[in-house]
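Both complexes shown next keep chain A, but they swap its partner, so chain B is in the first and chain C is in the second.
For the complex of A and B:
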């Protein structure tokens, strides 16, 4: 057993971690991708993915309550030592890839908007540097910081969305059925992998007080994250329309550029920089910390701090690996979609199956004994 | 030859790099005890620890000395037995006496017996003194020999170098007159008390006790003196350490010949500043009194304000060479015992020669010592301390400091002020939000301006942009230099205003700001817009009620200025992110610095919005007071009763 001690976390921490991990990709190209897939029903795509996340997350937490410890401890009990490592490595790589891809994509956005004359490597370096510092502070501090920053995020989002209202055109949602309800439902289920951050509650299970806290964290975290994405995507669709939205590269920034109050107050798009920084850095920091935690957990290390420089080098190297923004987008939408999808469906379902199999076995034994 | 050859600098550099690299690669977590983090549930461990530590015997006496003491005790017992048998014999003989000659012979016998007993007595006390002599002076007991006590004090206080220590010799009148010495520090005592309550009664009154006790027991002289002195200001002591502590704080110590005890007489009366109006934290509606430099007066002020037996004021010395009295004050029924025990532990663990100010105490006992944010609140207002104590917090006082230190605190505590409680909801909330906005403005405004000017010009309204461009047209410096010139000038004026005494300071601040601002604009060193910007920033920083917090945020303002200069909104955003994480990382005595927001606890109604006092039913959750409820759900009970004129 690893001697690494987890700090105590509460319901708010749990909710906030899930919300940030689930909304971080929304500020990137994924929202454009969602519109491409489902047209006017993009909000429905997010609804489905949220519901799937909710079901899987709650099911996982529900079986976890029968075991002491975290997801890996449960895996070890249900599937054995080798699966302990398989799942540990899988999720560590999931969070590492999340960390790397988010670093690169947010850096691209920042460089495009805020640092036009500066090389992307400098921005990536800044991101990685801050990621290292925040990882050093720990998950508890990241969660608390996220809670303090959420009012700014909500205020900035609401400010932009409210100013967009005059541009709303309900007909922009047409065709009402998007690319077809059936298709969008399938796309929604397939894109649930983007919400794989919900697994964090199972990974950090010992931090949370009880089953109710964990279940509530999953429930509220998924719902709030889903509502945020649905509201924003509906606003984009209502204000910009399906066809124009499909061409957006930095969706939220382009939406913000349309916000107008009067001749003295306009051009608010640069404010989205704050959104990218807050949401991006917290998601990257949390992903980095969870990666290191999983490594420390598997290798039975007592502290993750010595691993931070190593992780920073890995993240920096891999984030600068892609030649341009498009290749990283392709990588994210292609390989990682499958990888994240597997993490949401395959492993939780295997664990669920094994748990009920064992339960049935026990029940059968009991009955036969009677 | 070669042995004396100095190591080349390159080798040293290499060795240093190697050792640092090795340290990183072979990193091991420091084997430190776990930091103090307040647990939600109270356990009894802390309580038991305190009791254990209090009961723990001081192992000053070695085994050999213990043996010696036992033999002394045995001899004393023998002495008492002998004395009792002699007295019995005498009693019988007195009863038998009839003539004058018989009485004379008995008197002779008595004199002979008493001289014998005295010899035995001296043989008992003498070795004890000699045993004591081997100990450090501070650890000795009071000797029965007056001259020995005086000699000891002369040595300890380096007389005649030290001219303030007075050793006043006199005689206590009575059947058997007793030599006595009163020791005190001139300048620390109240001369009137010395004359009227000590010298006069002891020298003029007649001591009847001494005539009755023909065979005085060891400390009968002390008892005799105590019967004359006013009892409420006296206390018996027998160790030199207590004698020194009493003299040092302004009490007088009375030594009497043939007594192994001394008497402390409370004669404190040094000159001190009288209670005045608060200078740093002025209030319009709250109390006007402020603390003074004398600990006793400050504690008295608090007791006066909170007349309850629940108010505990523990005192303990800090400083090994020059101990300064520190007091921990809390309400027993409210303060979290873990925090009280932790504060006590930390104070007892301070090893230094001298602490001059509460700020120094803070640095010795705070968590995460390298963090520059203030982690305790210092106030000069007794009403503010009282309100914090009533919340379940702890106050620290230090003799010589006119401030009290409040622990634990959160970041938001620094933006609350006692006046908020005297005002109604809208005004109090408005003032509080104004202060918090002041904090944001004081920290971020120059940085945001620089970001807008250098990176995000399009965000500015066109008219404003044109105004800025026009104002800056003839300025030879870039905007960052303009801001730095004005910021440094402002900080200089502020510091000068604080250091220059009285009205002159205020005049320098105002005149200096106007003249320098105007002159800088006329000389085209800075633009008008920068003067306005820095003035707003400065005003905003003055809205923060705690001076140390305001100063710290001023420093952070410079950091944000450079973040904005180097990276615009990206820099400001990253700076804000790091600053938020940093704030969440800090702990004040085991409590999260950003509570009740991060860590999230029950918000209550006293954070941004200050609800009416009758709605503030619960104490701040994060303090973990023993009793969370401040008042019942219905605190205005009279509303549920019949008015006086309608009562049957």
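For the complex of A and C:
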């Protein structure tokens, strides 16, 4: 057992961690991809993926209450030592890839709209630097710092969305069935991997007080993240329409550029840059911390801090690995979609199956003994 | 214990400060330019050269002539500078512009992109596309097609009387389209959305250089064939440049135009207007005219049905008005007369509506966006993507009706009858 000490976290921390991890990709290309797949029914795609996340997250938390410790401890008890490492490595790679891809994609976006004269390497370096510092502070500070930023995020988003209302055309959502309800349901289930951040509650289970806190975190975190994405995607569709939205690389930025209050009071899109940075920095920091936690847990280390420089070098080199901005998008939408999808379905389902198998075995034993 | 909690708060504060610091740094606030290091491009004009290549005119805002600085009598700075280039592409001329300017050209405040009709006929995608990919440009710049003359000429002739800066004139005019109503506000954002939508046609504001000062042959904007931009007879010390009418596109190519009167009907159907006045011949004394201030009572009722690949469109408008000017001195406040006037307005407005819709069918463009109402007729998006709205629209069966209800008589009531009495005593 690792001697790594976890700080105590509450309901708000849990919610914030899930919300940040689930909405961070929304500011990137995934919203465009959702519109490509489901046309006017993109909100339904997010609804399905949220419901799937909710079911899997709650199921995982529900079986976790029968064990002491975290996801890895439960895996060890149910499946044995080798699965402890398989699942540990799998989720560590998941959060590492999250960290790398988010670093590169947020850097590319920032380079597009803010840092136009600076080499992308410098922007990535800055992101990695902040990631290292945030990881040093720890998950508790990241979570509690994040909820102080929540009012800014809510205010900025609401402000932009309200200004967009005059551009709404409800017919943009038609044909009402999008690319077909059946198809969109399947796409929604397939894209639930984008919410794999919900697993964080199971990974950090010992930090949370009790089962209720963990279950509520999963419930409210998934619902808030899902509602945020559904509201934003519906606004994009109503204001911009399916055809144009499919071409956008930074949809939320372009949506904000349409907000117009007065000829002396405009250019609100720059506010969205702050929004990305807040969400991006927190998500990257949390992903980095969880990666290191899982590594420390597997290697039975008592502290993650010595690993921070190593992780920073790995993230920096892998983030600069992609040749251009489009190849990282292809990588994210291709390989990572499958990888994240597996993390949401395969391992939780194996764990559920094994848990109920063991439970049934015990029941049979009891009955035969009687 | 207290020491630990104080330490935690300190760490959190450092963290928040760090996030905020990097939020400002990463958002590019450090690599901004001082306003004196920038040159703001206000208007871009695009013409077709003799060899078909674009001739691009940039109108540059001169910061030294800004109000406040320019109030100084000694300041003889021109309000703007106009530079014209010829290049193989639009982006080509952007480089040429950067090479001759002493400061960084900024496109963040481009108010309008103006095209000559000749260039627009060949398609404007080559200009719109780089504009949309460039983060500096904004989707709310206006699109104008010059009806008579070149874009360069239009920019040079733009000399407003009541606005200090010429590009402000275009911005103010376009913003006020819901009141001036004889053209529809057209932005790059809307143009490009419509270009891709398969549910409507792109359109632009029709601009023109007015050279017609012959008032003897003038008629009302709502009478006869109405006017296109640059053709409305007028005299006086006003801006020679005017915005009047709508330029219609098939995909990105200019294919026709709507008059001021037709453009007003388009605005009414789209719900893009606040208030307008309608003038019709007096039903009882046709040589005189009665005018009515009109507001849209409720959004247009539009239904689009598809039966065996044949589209049936029905447009219904309910307007509410106040009879404001009745020179015939007939008392239209009595219930019978008011009904007669309402019927006359209804008949007149319905005819104008159907005339405009027929014209757009003949041109082959749907500036209203009736195709958006047709999207719901498709089962799914794949089916919709295979359809071609404009060919369906050209062959559509269109019906329509405008109903006008007079709600009030303005601030006076039965005044005309009193006047009659005065006339009789005289």
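One rule holds for everything that comes next: the second predicted complex is superposed on the first by the 370 of 370 C-alpha atoms of A that agree within 3 Å, B and C clash if a C-alpha of one lies under 4 Å from a C-alpha of the other, contacts with A are read in each partner's own complex, and residues count from 1 in each chain.
Throughout what follows, a residue touches a chain if its C-beta (ideal position, glycine included) is under 8 Å from a C-beta of that chain, and two chains touch if they have at least 3 such contacts.
None of the values given here were measured: they were computed from a predicted structure.
Chemist: Quick check on the chain A-based superposition: chain B and chain C, clash or fit?
Modeler: With chain A as the common anchor, chain B and chain C collide in the superposed model.
Chemist: Using the superposition described at the top, determine whether chain B or chain C touches more residues of chain A.
Modeler: Comparing touch counts on chain A for chain B and chain C gives C.
Chemist: Quick one: classify A:268 as touching chain B (first), chain C (second), both or neither.
Modeler: First partner only.
Chemist: Looking at A:141 after the superposition, I want to know if it touches chain B, chain C, both of them or none. Which is it: first, second, both, neither?
Modeler: Once the two structures are laid over each other on A, A:141 reaches both partners.
Chemist: If you stack the two complexes on chain A, which partner ends up touching A:115: first (chain B), second (chain C), both, or neither?
Modeler: both
Chemist: A:244 contacts which: chain B (first), chain C (second), both, neither?
Modeler: A:244: touches chain C, not chain B.
Chemist: Once the structures are superposed on A, label A:305 by its partner contacts, choosing first (chain B), second (chain C), both or neither.
Modeler: First partner only, chain B.
Chemist: So in the superposed three-chain picture, is A:10 touching just chain B, just chain C, both, or none of them (first/second/both/neither)?
Modeler: first
Chemist: Applying the touch criterion given at the start, work out whether A:172 contacts chain B, chain C, both or neither, answering first, second, both or neither.
Modeler: It touches chain C, and chain B stays clear.
Chemist: After lining up the shared chain so the two structures overlap, which partner does A:277 touch, if you call chain B first and chain C second: first, second, both or neither?
Modeler: both
Chemist: Using the superposition on chain A described above, determine whether A:21 touches chain B (first), chain C (second), both, or neither.
Modeler: neither
Chemist: Run through 583-591, 619-627 or 637-645 for chain B and report the one that clashes with chain C in the overlay.
Modeler: Clashing stretch of chain B against chain C: 583-591.
Chemist: Enumerate the residues of chain A that count as touching chain B in its complex and touching chain C in the other.
Modeler: 110, 114-115, 123, 126, 130, 133-134, 137, 141-142, 144-145, 148-149, 263, 266-267, 270, 273-274, 277-278, 281-282
Chemist: Hey, which residues of chain A end up touching chain B in the complex?
Modeler: Against chain B, the touching part of chain A is residues 10, 12-13, 110, 114-115, 123, 126, 130, 133-134, 137-138, 140-145, 147-149, 263-268, 270-271, 273-274, 276-278, 281-282, 302-303, 305-306, 309.
Chemist: If we count contacts the way the header does, which residues on chain A are in touch with chain C in the complex?
Modeler: Result: residues 39-40, 110, 112-118, 123, 126-127, 130, 133-134, 137, 141-142, 144-145, 148-149, 169, 171-172, 174-180, 240-244, 247, 254, 257-258, 260, 263, 266-267, 270, 273-274, 277-278, 281-282 of chain A touch chain C.
Chemist: If you look only at chain C, which of its residues touch chain A in the complex?
Modeler: 8, 11-12, 14-16, 18-19, 22-23, 25-29, 31, 108, 135, 138-140, 171-172, 175, 189, 192-193, 196-199, 369, 372-373, 375-376, 378-384
Chemist: In their complex, what parts of chain B are in touch with chain A?
Modeler: Residues of chain B touching chain A: 24, 27, 29, 455-456, 458-459, 461-464, 567-570, 572-574, 576-578, 580-585, 592, 594, 597-600.
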